[in-house]
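Each structure below is given as structure tokens.
Two complexes, one shared chain (chain A), two partners (chain B, chain C).
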Partner chain A sequence: MIIGIPRALLYHKYKHLWKSFFKELGIDYILSPDTNKEILRKGSAYSIDESCLSSKIYLGHVEWLLDKCDYILIPRFSDYSRNGTVCPKFLAIYDVVANIFRDRSINLLSYSINPKVTHVEMAAFLKLGKILNKKKSQSLYAYLNAKQVEKKAHLLEITEQERLLQENKLKILVLAHRYNIFDKYIGEPILNILREQETVPIIGDIAPQKEAIANYAQISETLPWVCNRELVGSIPIYKDRVDGIILMSAFPCGPDSLVNEILIRRIKDKPILNLMIDGQEGKAGMETRLESFIDIIRFKKDEQNGRN
Partner chain B sequence: MSKGYLGIDIGSISTKGVIIDENNNIKASEYLWTEGDPLKAVKRLLSTLKLQLADSQIRIVTVGTTGSARKLIGAMTGASVVKNEITAHAIGAMSIHPEVRTIIEIGGQDSKIILIENGIVIDYAMNTLCAAGTGSFLSSQAQRLHINIEDFGRIALQSTKATPIAARCTVFAESDLVHKAQIGHKKEDIVAGLCKAVVANYLNNVGKGKKIISPVVFQGGVSKNIGVVKAFEELLGMPVAVDPNSHLTGALGVALLAKKSRVEKDFFFDITDIEFKTVGYDCKKCSNNCEIICIYREDQIIDAWGNKCENGAVH
Partner chain C sequence: MEEIKASYPQLGNYCTPLELLFTEGFDVKYIVPPPITKKTLALGSRYSPDYVCAPFKYHLGNFIETIEAGANTLVQTGGVCRLQYYGELHEQILQDLGYRVNFVNMSKVQDTNPLTFYNGLKEINPQMSLQKIGKILPIVLKMFEYIDEAENFIRKNIGFESNKGAFEKVHADFLGDLRRVRKKKELKNTYRDYMKLFKGIEINKPADPLKVGIIGEYYTIMEPFSNHYLEKELAQMGIVVDRWMNVTNTLIHYPKKQIQKRIKNYAEYPWVATSMATIDRALEFARKGYDGIIHVKSFGCTPEIDAMPILQNISKDYKIPILYFTFDTQTSETGFNTRLEAFYDMIIMRKETKK
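== the complex of A and B ==
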């Protein structure tokens, strides 16, 4: 049995957990490749116009996996109870995929995060193991092991980011969902432009999760979405150590459009750039926006240094 | 022989060039249509500038480019500075109006607002996913109404009662305009309404949430439209300055930046006799199918771009 994992949306958050869990259970999996033009094109063709760029990309990845595996992993997330809710696409995407590809003999593998159970995630993974015909003890061991791997990977990211924060270059905090900023087609080009401009991008989503959740209320107490709470919570952690902030969202993200407005209004002591990605060809416009933003920061810094 | 510094601003609609001397005085300048062929437009531009310089003893020591074709023309002219248009416009505007706090810029396909404090750009915004209310919108509407775009502003000023036109979106504005014309609104009222629509659109989109502080400078091609200038002054309730060289600000700014860079290498006008061409092809090395653009100077490749990964790099 082979499980297909679309390299999009929650993959970027849970890749270590998923991969280690299946590996420990001795189950083969394949990943769809990095997002490319063809995946985006196909994904857009299967999507309704109104859905966000990230979801369109997701459908492209699912399409790539069809006929290449026995099951496609698509979890359902509705909310994290008191920790907040998620964008409805994470709840809907399972049904969206099941219906769009219903005549392509697609088998979906899913786990649901149900906030009413304690150890929510563990319970979900034990259930997943059961579907895969694994003993409870096996699944439990695999889950706990995968959790360790995930934790280690996150700690490594945090340490690496701390190292980057020491660099003697302009540092730009990039606030973007993992599935956008770590996507090779829509996110990576932005990081590359920033690096070409001799700046160091600092990824907001890498911030220690607990610390971020404890901090978000400093900026807004009423954010319903857990993903945005984590992103917003990274601002107090990094703000004093960066020179500017970029808010990158995929068109037309609902939660981001609201949260970005709040951030632009409330954060007054750092230059902010609001960057909307819609998968348009040609990176000239993106370059202009990023380059001039960095110019602003550089000119400001030069002036301050001149005064001192 | 004295030194000269050349700045070229190649926009989607028009191409601008300025040559300044060591005291930042404009010694030659030209404004012409890009006509979809930036390489050719720049050659025409350089020929005119060369003629204007004919009697003076100026030697061009450095070139700067800006505008949407800045990279292409930068490769062609061997520019020492290739800068984005926001920075170029800000630098240019500040050299003419050192006190400026707000720059309104409306060009052929984009519009921007640049906020300045103590001579430094502190914030800017650009139209993002929509080109409503830019120069190309106005010129296509002028065509529809059978008037010259050059007369647009003058006709608008004849109106005593501007026709309200939906300003939210170019497509809606266009259908609204047709409807208003069909039910008998006067041409000058419609033209004045269009000017107002452009301004309302700008303030609601690009200018949204930005604090517009006087002195305000208006530049870019649309600033030549007196109807739009008047509409801005009415809606903002403050004077809006338009410099006679407002269409050249970007080119002036990048000439100043090129001068400031202190990178000097002689530039010769004879590149107008050299054949430059671009060849585009689809890289098939991976599924991104990037469109690679190669720039040739007399059959010799001088630059290439467009690749998203190393596979497509042209050596």
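== the complex of A and C ==
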């Protein structure tokens, strides 16, 4: 049996957990490749026009996996937990995929959980193990092991980011959902341009999760979505150590449409660039926008240094 | 102390029971939001982020116009989609524009116990009494239900009235008289009397008229300005219009479990906001052999976008045409009319070939 994992949306958050869990249980899996033009084109063709770019990419990855595996892993995240809600997209994506591809004999493998409630996640993985015909003890061991791998990977990211913060270069905090900024087709090019411009991108979503969650309310009290809470909560952690902030969103992200506006209105002491990605823009246009933003930051910084 | 003049954004004709709740329950003056016009939308759009859903912009326009009409206390509710975050940004934008009002954001007390919720409400008027609210609330809820029942009847018959404008005239009188109601008995009598009047209006309805069901997102489906008066247009084409979505069926008596069970073949997991009801109603209209379904939503409404692949499958499975409308602040009148007319031509032709 082979499980297909779409390299999109929650993959970027849970890749260590999923891969280690399946590996430990001795179950084969395949990953769809990095996002490319063709995946986006196919995903868009299957999508309702107005869907967000990230979900179009997701459908492209699911389509790529059809006929290449026995099951496609599509977890479903439920509405409420003490850490916040999730975008309605994550509640519906399982059924959306099932309906869109119902004529192409698709088998879905799912688990349904509240984000971050540890024991609920564990229960969900034990159930998943049962579907895969594994003993409870095996699944439990695999889950706990995978959880360790996930934790280690997160700590490593944080350490690496702390090192980057020491660099003597212009630093730009990039606030973007993980599935956008770590996507090779829509996110990576932005990070590359920033690096080519001799700046260091600092990724908001890498911030220590607990600390970020504890922080968000300083900036926005009623912010409901856990993904955005983590991003907004990273601002107090990094703000004083960066020179500017980029808000990168995938068109037309519902939560970001409001959250970005709040941030622009409330954060007055750092230059902010609001960058909406629709998957259509050429590299040149993006380069120009980022370059002029960085120029403004450099100019301001020189001005301040001159004054001191 | 300055008199408290409170308001909540417009939604269909619900300002009437809301006025009763605010005046008799919360003991404050209620400012009925000025009717929504192009200016309301222009105001709301100018100060809103571009990609936010249209209801946010309508609400903001409403808030600004009610402040200008004298309101000093504005209320925003919680919700299960982007709506739950509307309030904080509305408050921020109004503050940045220099308006000094008491903004009561009920999102702050979402999902907590009733006492915290009541304390949240008290921000409208610190002097309010639970007793007064308890006394008027059943009447307010009943008024929502009566308005919904009357409007259901109107939608199914207004397209066939012999004298143009007859239904609208009685409807306006009904809403006007409801504003004076304070007692349960008065409410009941007013409703009964007006239902008699509605039923007495002369209509000329064929034995098997065209029937269209309307489904979709909460605000756009219920606020006629935001859907280009879709229901009125359909009625003028001589169509029975059926719409389940209203306050009675969602906020007062929402059959969540039954809906989940009924749509199991299309949606395994429960969804949020109005999408489950959208799917459920589409199924119901399809099974009942309606001639067509119209789905309405504001641009970018995620729950409703996600319902669309399922609607497409229902359309295939039951061979029922579905027309999809997305409304934003720039929807063109011509485009809307052309698509509606084409849909009408199609469903009338299908009906004739069936015969």
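We adopt the following convention: the second predicted complex is superposed on the first by the 301 of 308 C-alpha atoms of A that agree within 3 Å, B and C clash if a C-alpha of one lies under 4 Å from a C-alpha of the other, contacts with A are read in each partner's own complex, and residues count from 1 in each chain.
FYI, a residue touches a chain if its C-beta (ideal position, glycine included) is under 8 Å from a C-beta of that chain, and two chains touch if they have at least 3 such contacts.
Quantities reported herein were computed from a predicted structural model and do not represent experimental measurements.
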**Asked** For the three-chain model obtained by superposing on chain A, do chain B and chain C clash or fit?
**Response** fit
**Item:** More chain A residues in contact [chain B versus chain C]
**Value:** C
**Prompt:** Now for A:251: first (chain B), second (chain C), both, or neither, which partner does it touch?
**Reply:** both
**Request:** Check whether A:160 is in contact with chain B, with chain C, with both or with neither, and answer first, second, both or neither.
**Result:** neither
**Request:** State whether A:222 touches chain B only (first), chain C only (second), both chains, or neither.
**Result:** second
**Fill in**
With chain A at the vertex, the Cα centres of chain B and chain C span an angle in degrees (to nearest 10) of 80
**Prompt:** Does chain B (first) or chain C (second) touch A:36, or do both, or does neither?
**Reply:** first
**Request:** Identify the partner contact of A:70: answer first if only chain B is touched, second if only chain C is, both if each is, neither if none is.
**Result:** neither
**Request:** Determine, under the contact definition given at the top, whether A:276 touches first (chain B), second (chain C), both, or neither.
**Result:** both
**Request:** Name the contact category of A:295: first (chain B only), second (chain C only), both, or neither.
**Result:** first
**Asked** First (chain B), second (chain C), both or neither: which does A:198 touch?
**Response** neither
**Message:** Quick check on the superposed pair: does A:185 touch chain B, chain C, both, or neither? Answer first, second, both or neither.
**Reply:** first
**Request:** Once the two complexes are aligned on their shared chain, state how close chain B comes to chain C by Cα atoms, in whole Å.
**Result:** 5
**Asked** Which chain A residues come up in both lists, the one for chain B and the one for chain C?
**Response** 251, 265, 276
**Message:** Going by the contact rule set out above, which residues of chain B touch chain A in the complex?
**Reply:** 68, 71, 83-87, 118-124, 126, 128-129, 209, 286-291, 308
**Prompt:** How about chain C: which of its residues touch chain A in the complex?
**Reply:** 48-53, 56, 80-82, 84-89, 92-93, 96, 105, 107-108, 111, 266-273, 275, 299-300, 302-303, 305-310, 312-313, 326
**Complete:** Residue set of chain A touching chain B in the complex reads 33, 36-39, 185, 189, 251, 264-265, 271, 276, 278, 281, 284, 287-289, 291-292, 295-296, 299-300, 303
**Asked** How about chain A: which of its residues touch chain C in the complex?
**Response** 48, 50-52, 76, 78-80, 85, 87-89, 91-96, 98-100, 102, 112, 220-224, 251-255, 257-262, 265-266, 276
